[in-house]
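Naming follows writing order (A, B, C and D), and every chain is counted from residue 1.
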């Protein structure tokens, strides 16, 4: 695994736990943790249980005992590592966002397709698809339970930038992060909406907004933010993205990604309204799904709060009895399991690089639209 | 109408509004408001729109233009007025609790039965039955939607006595109020549970508790409490009643009535668990009903939040379009409508005096049990 | 009162009930109900308790015993009646939307300003401002409890058009209704957002969508829809409006008005995020308000569900004890009360015609933007 | 670790994950998994990552490389193993319920006290104390945030026995399970209530009920239930326990444990009402805590939904950023961490065997009371 930030901890937990609950078709070890700073990577490897460390990911490429490379570095390095790894015949799990630019994503997708022809597989880590309630929402929609999708509302609400003393971390600088709320969390909203509906966004009209333009420079890093140091600098990414999107079946969706929704900590929400029903999901209540069945008797209609913890629900039979809740990181175990199963079965795991490229195109189209007075912009350019 | 306290306002609103939304089979006027203090009753009559006032309810008995007497005085006067009114051939609506003693309730029930033989009808004002969601809950249970009732949880939670400076009003004195939380709000929980399940409580084991034993004497009255005056006195009723009850089909229910549930203002809650499903109601969210259908596919089970505001729901077609919420006092209009319809149809309205007597027997049995170390006590004595 | 549709029933209830709970500074009678069809208006007057009827509203203008004219007709007649009434010296309550065009609204506003100079007052019925929780939200924002407003989310979600057999009523025809979801319910979302924040929208970028383009012609009218007749016709208004707005302080807001949000019956929702906190409101849970205080200790922060039913809350002391819920129509009593008080105090009631004109300008700007590829459009033209 | 059922999986996850997130003061290995059937225990060890297996727990007693014995067998074997282990100088973690009888618990407590004198420590696994929201609830109460505890409501609601075809597993047989809902889940409600309030129950009045008396014999085991085999037998434990308890400060609490609460899967609920506020917890929504502050301004009071996911909350800083939810099994990591820390610090971990004995006394008192017509029964005998 390359990278050892917050996502490194989450992916490690996925690799560690998946084989203890699921019957994986292959044994997966936690072999080498890679990071640029040897002290840091050694400490992380010891903590998380990786057998070895390395400071250069290239050293993994020639090793026969390494089959999978899991990339959890910042987005600007994804393309280089992923392409090299695929060319070296390693299966690649790449954390989202896939890349900082569409051009990189296109190159990565081409590399993935070339690799696939040789049985080498690539996948992007839109983990929230694998929250059981989200997977089950997809199942309900795919089974026709809500009929034709007629409108969609997707949002990802956080509030950690409301405090003006939060410093100017790399996440707030365009050259490092690519974009702000849009790419960081809006990407999840886009992927989830496309995943659950089975549709793609074909065009968008959007607005990006930086609410607090100047912030103290960063002192020490800590978690997703850090402490304020001396001096200040300009925020060069969006704090908030609002856009309307047109889906491939003609339905409209509203999208919101914001780090200024005071009181909302990690609220990835999706509501899909169809001709026969609706589903409603909120990551802050991740073990349940709202389902409205418009074909029920008129007096009995309402949103049903389904706890997605029954053995018949996706992924659940491996875990606990009904009503025993899962948490944030379970999705990483599901992702690890599905990836390993796909590799052994020699089947393309999802989301593929091509799927993730589509998300990158939507992100780029929103930026273009926002820079162009919110004019409607196709996602196919 | 006899009495002009808080319940007087609510009943007046019922009589005023019912004919404006429902097609009543008879015209009902708001004729005479009766109260002991002429100043007070005249002010109330002017405010609420009653045509005349009187200071002695006996003057109504001989008037041919009076068909209905609505009794909203404190419980200790109900028996005398109700019996006299029924004997005078007046239909009687009597506010709950029906009486302060079982003996009075027995006498009232006998009077009601004698009157019924002559076509004169009597009813008790357990209004919460007529919240549409509660009525609909009864309908679902009666239709077998939750199967056999297997357990019941009923509670009525308030918190207005948590503040130790709340004075010693009449509601806290046994000789005036009969009992405390038990009779005032516990009676509602009992009635609602019996109404929705269609069962009666046959035996109980309970405990009564006075949490704050001494309070300041009352200064001025205001709303349901008042302001503290000088001096203090002993609370002689229960602040809280907890009891377990056995229903006529053998199912157990837990009951709680309390004025010390900090933060709960008016939470009359009922959950009925059956062999095929469950219903869940909370008066603090009175426009909706939770319904669990255990016959649905395993992956789709959950409590459905039904907004009981569709035209097909009880009472709703007279009001607003779907999703337009009703409030506390709508039950009083429903009660007025149903009473008038029953009178015109010459059919016994519910709850009858006999039904309410059953509630009084339960209250008395709880007191007996509490005074007897929580020993199980039959409600039929 | 001119008009006797659904809004006629609601306004009648307001006039009927307000004097019974509030101490109005003047006595208000329900004198003349006006409608074009004498049979219909007579039946409605009898039902609702109006003393007289008329078929021509002009006959009211010369009557000295008429001080207030309440207009609840469809929007296309508001301008003519309101202007004539104001010129005749009658105080005017006008139901929203104020008019079908900005031009009419400008003329009405001019008439209102001329009338105001003579002490004749006009007001528009954006009733939802007077839901106590909404009024209290405004109070919290105005008191600085959430700091500077930084983003807004407003939506009004209904689902009555999801059923494709719902017929082509007047509400779905542009020449009669002006617009669809946008003007009918989006107007409420706009007014509420502006009211609670104390800000105005200065520019918008939006999209309008008709999801089901062809519907059966209407057979019989019933409630807000009706039954399907023979033949079919084209829907000429929007089923759904999505737009982004810029507020006068620079903050962005997202807006959604839809009749296709399956399972949402009457969900007017508003969330205002500020630098020190947030408020959250949902008309489907109208007795409560969510309030997030970002100045509380970090471990104790969260949305507080405030039941806006305490005597210290707006309008509540006239009603019931804490925890006794109000319903949809209570806002009409509050509106009647505030209007009468403003007239007696010779003070401008709110929202004034000028306030409502601002809403009309926003609606028009959304339509312009939608017709212009979602280009940002100022609301001041 | 001795035992490898459902609790074995949960405890294994605790031992596996705790060192990866917390900085434990000692390294803890997963050495020997013990079970009677060598096939089963070997499969479980391989799956869960234990290094060795054994079929007789006594073989652990003499091994110097074993410091801790974790007992997750059924309750009837706890006493023997725990006492032997403590006498052999092994620290003991014992899953709840501590034992099937009070006599065993007394013996175990004596052994634990003797061992403690030699620095050997024992603890019982009431894991739900270590759900961060529950721990934080205790902190709020201990800090006086809700004032004096005045009433308590505790319940543990499940519904897996509503289905009459669920077979007669060992959990439904008194000789194996000790009791039914009372000991299995009621014990959690008792422990949690005592833990959060800092009080103990001194007397109880209760009722036990078997709702479905006869069930099919068990075919194959699966999860907490199994499949029905041929023939049927009598259920000899309670399906439901209802009791009222008196706390050491005089406050009353109501308790309910049931496997017949249709639609409730794993709802351990606790509400503690105090003179200055209240807390409300539900295990089905385990990342949040309701907190009512009765000292806030009257207009701003309400239950605050605190997401207990901030770094300042108990245990959270080791996990994810704010708003990233934890699940059921995180409590087992917290328990492992706290136990290891206590051992290294040579301090008594909680709950101690003495604490758990107190819970056993309450359980026994409920049984005694239930067998004695619900007579009030002291917990000190």
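Observations on the structure shown:
By definition in this document, a contact is a pair of C-beta atoms (placed from the backbone, for glycine too) under 8 Å apart; a residue touches a chain by one contact, two chains touch by 3 or more.
Remember, it's a predicted structure, so these values are computed and weren't measured experimentally.
Looking at which of B-D and A-B shares more C-beta pairs in contact, the answer is the pair B-D. Distances between chain centres, each the mean of the C-alpha atoms, put D farthest from chain C. Taking each chain's centre as the mean of its C-alpha atoms, chain A lies 36 Å from chain D. Centre to centre, using the average C-alpha position, chain B and chain D are separated by 41 Å.
Rounded to a whole number, the gap between the C-alpha centres of chain A and chain B is 54 angstrom. Each of the following residues of chain B touches two or more other chains: 301-303, 307.
Across the complex, chain B is touched by residues 6, 9-10, 12-13, 16-17, 20-21, 47-49, 158, 160, 223-224, 264-267, 283-286, 307, 309, 311, 320-330 of chain C. Residue ranges on chain C touching chain A, taken from their complex, read 146, 150-151, 153, 159, 162, 164, 205, 207, 209, 211, 240, 242, 244, 251-252, 254, 256, 258, 260-263, 271, 273-278, 280, 292, 294, 301-303, 373-376.
Chain A meets chain B in the complex at residues 136, 288, 291, 293, 298-307, 310, 312-313.
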